[in-house]
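In what follows, chain A forms one complex with chain B and a second complex with chain C.
Right, the complex of A and B next:
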C-alpha cells in the first residue's frame, strides 16, 4: 500500500486551516495588500462571484460557525424552531469576525436567510447589505431582465465603495477563471468517483470550502496541484459502497458527520455540500461583448438542481437519479439540516424518484453543531451492510 | 461455492480487540482466535500486531487472506478489506453458533443491543440502550473494581446472593451512588452485584419486549459468559408470560469477529461474481 504524497498532505492541511478560519484571516490580508480591494461576504448557496471578482473584490462564503463557536447572542435573535446557521452567522457578526467586510449578499434561500439580511441591516454591518433575490422565473425576458437589474444594483453598490467600473474585458477574465475553477472541481470529483480512497470526502470538503474564502486564482492553483497529485495511484481501495449525499446544503454538516458516513463503509462519490461552487453546470461563455448577459443566461439555463430553485419542467428527482447513475453509486443518503424547510420539503419527491428508479436510500437530519454521531453511524453502517450483503 | 478460502475478522471494542481466523466454505470453520486487552496502548498498533502474529502462527501471508474484515471501531484497523457494522456481524456470529437463533442480545462494554434475525442471519429489527452506560459491561466492570473484585469474579459472586439489592437502572451516576449507599449500609457484596445484574437484565427484557423477540435468544459479547448475568436474564425472563430459550456459547465474545470473517467470505465470492458478470 503506497502512502499519499507528502505534498498532498501539506495542501490538504492548508485547505483545512483556511476552511475553518472563522476570522477570515486570508481574505482580510488579501484586502489589505492593495487599495480598492473589497470583501463581499455571501451566505450559502449561490451568488455570481465573477461580478465581485471583476470589481476587484473577493467573494467570501459565510457558511456559519459550525461546531467551532459557542452560540450565545445568536440564540437571542432567532426562535428555537429554525435551523442553526443564522444564529452562528449573527454570532460571528456580533463578535466582529466579519469586520472589514464591505458588503453582504443574502441569496434567496429561505425566510430565515431573508430575515438575516434584515438583521445585518439593523446591526449596520458592512457598507451595503442586499437580499440577493435571484429569479424563479427562467424566461429570459422576465427572469433574465430581473436578474440583470439585480446584478447591476450590486455592481453599483461595489462601485460606490471602490470606484472600480467593471469592464467587459475584466468580466470575461473573471468568467474564464471561475470556469476553470469549476472544471478543476469536476476533475477532482471525476477522479474521486473512480478512486475515492485517494481523497477522502472530508479532505475533498476542506478543499471545496477553502475555495469559498480565498481568491479564485489561488484556489485554482491549489486545485491544479491536488488534481495532479491524486491522478497518480496510491492508497488501497476498501470494499465500501458508493453513495451520493443529498442535503441541499446551506447549513453545513459537522465534519464528524461526513467522517461517520465514511467510517461506516460508504465512499461519498458525489454531494451537494458546496453547491454554490458548482452551481453553474458547464462553462459560461467568456468571449462575448456582454459578459453580464452570459452570466444571466448561465443562471437561467445551466443552474444545478437545488432546493432553493423552482424546478418545473426540469425536476430535481430525475436529475438526482441521473447523478446517481452517472456516478455509479449504490444509493443515496439524504441528510438535511434540521428545520431546513426547502430541503425537507423537497425530500419526499426526491425519495419517490429514487424509489421509482430502484435506488436505495436512507435519511437523517443534522445540526451544524451536532456532536453525537452514533445514530448516523448506525444508520449509515446498516445501510452499507444491507447493500453489500443483500442487494 | 467449491473453493475454500481464509478470512479474518477483527472486532475492535472499547477494552478488547478480538481476532479470528476462519476457513470459509459452505461449512465454515473457526481455525484460531485471540483476544487482547488494549490497556493504554495504541489500538491500531495492537490490532496490526495481532493480525501479524496470527498470520505468522499459521504460516500465512497477508495475501493468503481473501478478506480481512473489521467490525466495531473498524477505522482503527489497517490492512482491512472491508468493514461491517457490529449489529450485522453479531447477528451472523450468533447464527454461526446456533443456526436456529432468532434473537441476539449483544452484551457489550458500552451498550446492550437486542437484534431480531431471520434464518439467514439478516437483521430484521433491533433495539439498543441509549447513551446512558448503566446497562453496559463497562459499568459492571467499574462497580466490580470499586468493590475489589475482578470482572472474571463477578459472575460467581453474583450466584452467591440470597437477597439482591436492586440499583438504579436508568443512570450510571445514580447507580454508582446507589452502590456507595449500599456499601455504607453494610449490604453484602454478592447482593450488590446481583442487584446490578438484575438491573441490567431488566433493561434487556424491556428491549426484548419492544423488539417482539423470538426464541431462541443467543447472548453474545463480553458479558455473555458472565454466569451471574445470564442467570439474572433467565430469572427476569421467567417472570414474564412468554417462554424463551437462552443460549450462550464459549466463544460468544468472538461473535462479532466471527460474523465479520463470515460476511467477509461471503462478500469475497459476491465480488468475484459481480466482476464475472461485468466481464
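Right, the complex of A and C next:
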C-alpha cells in the first residue's frame, strides 16, 4: 500500500485548521492587509459570493460552532425544540468571534435563520444585516427582476462601507474565479467517486469547509494541488459500500459522525454538506457585458436541488435517485439535523423515491455537537453489512 | 383538572357558527354543484380573489386546529409520523396530512372535497412551502399557484417588493386561478369585495380597541381567535362578514358601556385582576383548560400577536378597492409573522403601553419556528423596555403530547403571584407618594 503524498497531508492539515477556526483568523488577517476590504458573513445555504468578491470583500461562511465551542449564552436564547445551529451563531456573535465583520447575510432557508437575522438586528451586529430573501418565482421578468434588485441592495450596502463600485470587469473576473472553484470541487468529487480511499470524507469536508473562510484565489490554489495529488494512485480500497448523504445542507454534522459513517464501512461518494459552494450547477457566463444578469440567470436556471427552493413539478426525489445512480452509490443515508424543518419535511418523499427506485436507505438525526456516535456507527455498519450481504 | 361544561355562547358566536356550518355544507356539495375548491393558508390569504372567482376556500391550518380542538389530531399526527415525518416537524402539517390519509373528514363530519387548486400564499412561514409540496404529492396533477410574499426584512415594504408581488399576481396567480375557475376575474366584483373587507376590518379594529377599556369587555386572545375567524378565512370581502362584525361590535360595545368583563365558556368573568399581552398561538388540543387557567385567576388578555397573523389592521392597514392588486400585496406582506423581529418587539411594546398591560406572556409553540425562534430575545427586550413581569410557557399547536397541564398551570400560578406581588408593591409606593 502506498502512502498519501506528504504534500497532501500538509495541505489537508492546513484545511483542517482553517475549517474550524471559529475566530476566522485568516479572514480577519486578509481584511487587515489592505484598505477597503470588507468581511461579509453568511449563513447556509447560498449567497452569490461573486458579488462580494467583486466588491473587494470576502464572503465568510458561518456554519455554527459545531462541537468546538461551549454554548452557554446561545442556549439562553433558544428553546430546546429549535435546531442547534443558531445557538452557536448567536454565541459567536455575542462573544468576539465575529468582530470585524462588516455585514451579515441570512439566506432564505427556514424560519429559524430568518428570525436569526432579526436577532442580529436587535443585537446591532455588523454595519448591515440582511435576510437574503431570494425569489421562489423563477420567471426571469418576475423573480429575476426581484433577485437583481435584492442583489443591488446588498451591493449598495457594501458600497456604503468601502466605496467600491462594482465594475462589470471585476464581476466577470469574480464569476470566472468561482466557476473555476466549482469545477475543481467537481473534479475532486469525481475522483473521490472512483477512488474514495484517496481522500477520506472527513478530509474532503475539511477542504470544502476551508473554502468558506478563505478567499477564492487561495482556495482555488489549494484545490488545484489537491486534485492533482489525488489524481495519482495511492492507498488501498476497502470493502466498503458507497453512500450518498442527504439532508445536512445547513447545520453541519460533527466530524466524529462523518468519520463514524466511514469507519462503519460506508464510502461517502456524494453529499449536500457544503451545498452552497456547489449551488450553481455548471459555469456562469463570465464574458458578458452584464455580469449581474449572468448571476441572476444562473440562480433561476442552474440552482442545485435544495430543500430551500420551492420544488413543485420538479421533484427532488427523482433528482436524488439520479444522483445515486450517477455516483454509482449503493444507498442513501438521510442525515438531517434535529428540528430541521426543510430537511425533515422533505425526507418522506425522498425516502419514497428511493424505495420506488430500489435504493436502500437509512436515516438518523444529529445535532452539530452530538458527542456519541456509537449508535450511528452501529446503524451505518449494519446498513453496510446488509447491502454487502443481500444486495 | 375540572371538566369544562358546555360553552356559553354570545349571539355573534352563534352567527359565526352558522356561517361556518353553511360553508362546510357548501364544501361538501361543491363537486356536485360544480364549485371549484382552493386550498390555501390563512396568513396572506387571497380570499377576495377566490370568492370573486366563485371558488370556495379550504384552509388546512384551520382544519388542523379544528382537529386539535376535537381531540383527533393526536392520531392524525401519529399516522403522518408512520409515513416518515419526524417528531420534530410542524404538527399542523402532520395533522393535516393525517386527516387526509383518514378520508379528509372536516369538522362537521362531512368529507372535504379534493382541491382543484393549491394556492400557496407563502407568507411568513417557510413551512407553508414544504407543506404544499407535500400536498401536491397527495393530489398529483392538481393545479398549483404560488405567491411568494417577501419578508419585511428591513422593517418596511419596498416598491420592489410590491412590484414583485403585483407581477406574480397579474402574470401567474390570477391567470392560474382563472383557468381553474373557468372564468375571467371580474375586477368590479373584486373591488366591491375589497370595499367590504375594509368595512369589516374597521369594525374588527373597533372590537380590538375596546380592550383598552377597564375592565376589558373582551379577551383578545382566547375569544379573539373566534372573533377573527370570519375576517381571516372564507368570509373576508363578503357582506355577511360585515354584518357579523357589526353584531360583534354592538355586543362588545354594550358590554363595555356596562363595564362588564369578558364572556368565557363558563359565563362572564366577575373581575379583571390582571391585564396581559400574549405572544404566540394558543394550544388547541386543550384550549378550554388552557383558557380556564387564565379566567380562574382573573387574567384577561388585552392584546395578542396571534390575532394579527391574518392581518395587522389595528396598525392602520385596510384593503383599498382602488388599488386591488397592490392592496392584496401589501396585505400579505403586512401579516404579523411577516414582520421582522425588531418590528415584532416594537409592536408588543406598543400593545403593552397602549393597553396598559400588567404583564407580558409568551406561549412558545414547539412546532412553529416562525413564531418561536427568537422569542427569548424578544422577551428580554420587552422586559427591559417596558419593565413589566414577563412569563414564558411552552406547548404545541395540535400535538397533545406537548401539552402538560400541570406544568403550565404551575408556571402560570407562579407568574400570577408575581403580578399580584408587583401590584401590591406598586400600590404601596403610590400610597407613599
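By our rule, the second predicted complex is superposed on the first by the 390 of 391 C-alpha atoms of A that agree within 3 Å, B and C clash if a C-alpha of one lies under 4 Å from a C-alpha of the other, contacts with A are read in each partner's own complex, and residues count from 1 in each chain.
Methods note: a residue touches a chain if its C-beta (ideal position, glycine included) is under 8 Å from a C-beta of that chain, and two chains touch if they have at least 3 such contacts.
Note that the structure is predicted; figures quoted are calculated from it, not measured.
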After lining up the shared chain so the two structures overlap, which partner does A:307 touch, if you call chain B first and chain C second: first, second, both or neither? second
Once the shared chain is lined up, is A:339 touching chain B (first), chain C (second), both, or neither of them? second
Classify the contacts of A:130 with the two partner chains as first (chain B alone), second (chain C alone), both, or neither. second
For A:69, using the defined touch cut-off, is the partner it touches chain B, chain C, both, or neither? Pick first, second, both or neither. neither
Using the touch criterion from the header, give the chain among chain B and chain C with more contacted residues in chain A. C
Applying the touch criterion given at the start, work out whether A:382 contacts chain B, chain C, both or neither, answering first, second, both or neither. first
Check whether A:239 is in contact with chain B, with chain C, with both or with neither, and answer first, second, both or neither. first
Of all residues in chain A, those that touch chain B in their complex: 1, 236, 238-240, 263-265, 372, 374, 378, 381-382, 384-385, 388-390
Under the definition above, what is the set of chain B residues touching chain A in their complex? 67, 74-75, 79-88, 122-123, 131, 263, 266-267, 270-271
Going by the contact rule at the top, pick out the chain C residues touching chain A in the complex. 83-86, 88-90, 93, 120, 122, 125-127, 129-134, 136-137, 144, 146, 148, 150-151, 153-154, 160-161, 163-164, 167-168, 171-172, 340-342, 344-345, 364, 366-367, 369-370, 372-377, 381, 394
Given the complex with chain C, which residues does chain A contribute to the contact? 76-79, 81-82, 86, 108-112, 114-119, 121-123, 130-131, 133, 135-137, 139, 141-143, 145-146, 149-150, 307, 310-313, 315, 336, 338-342, 344-349, 351-352, 365
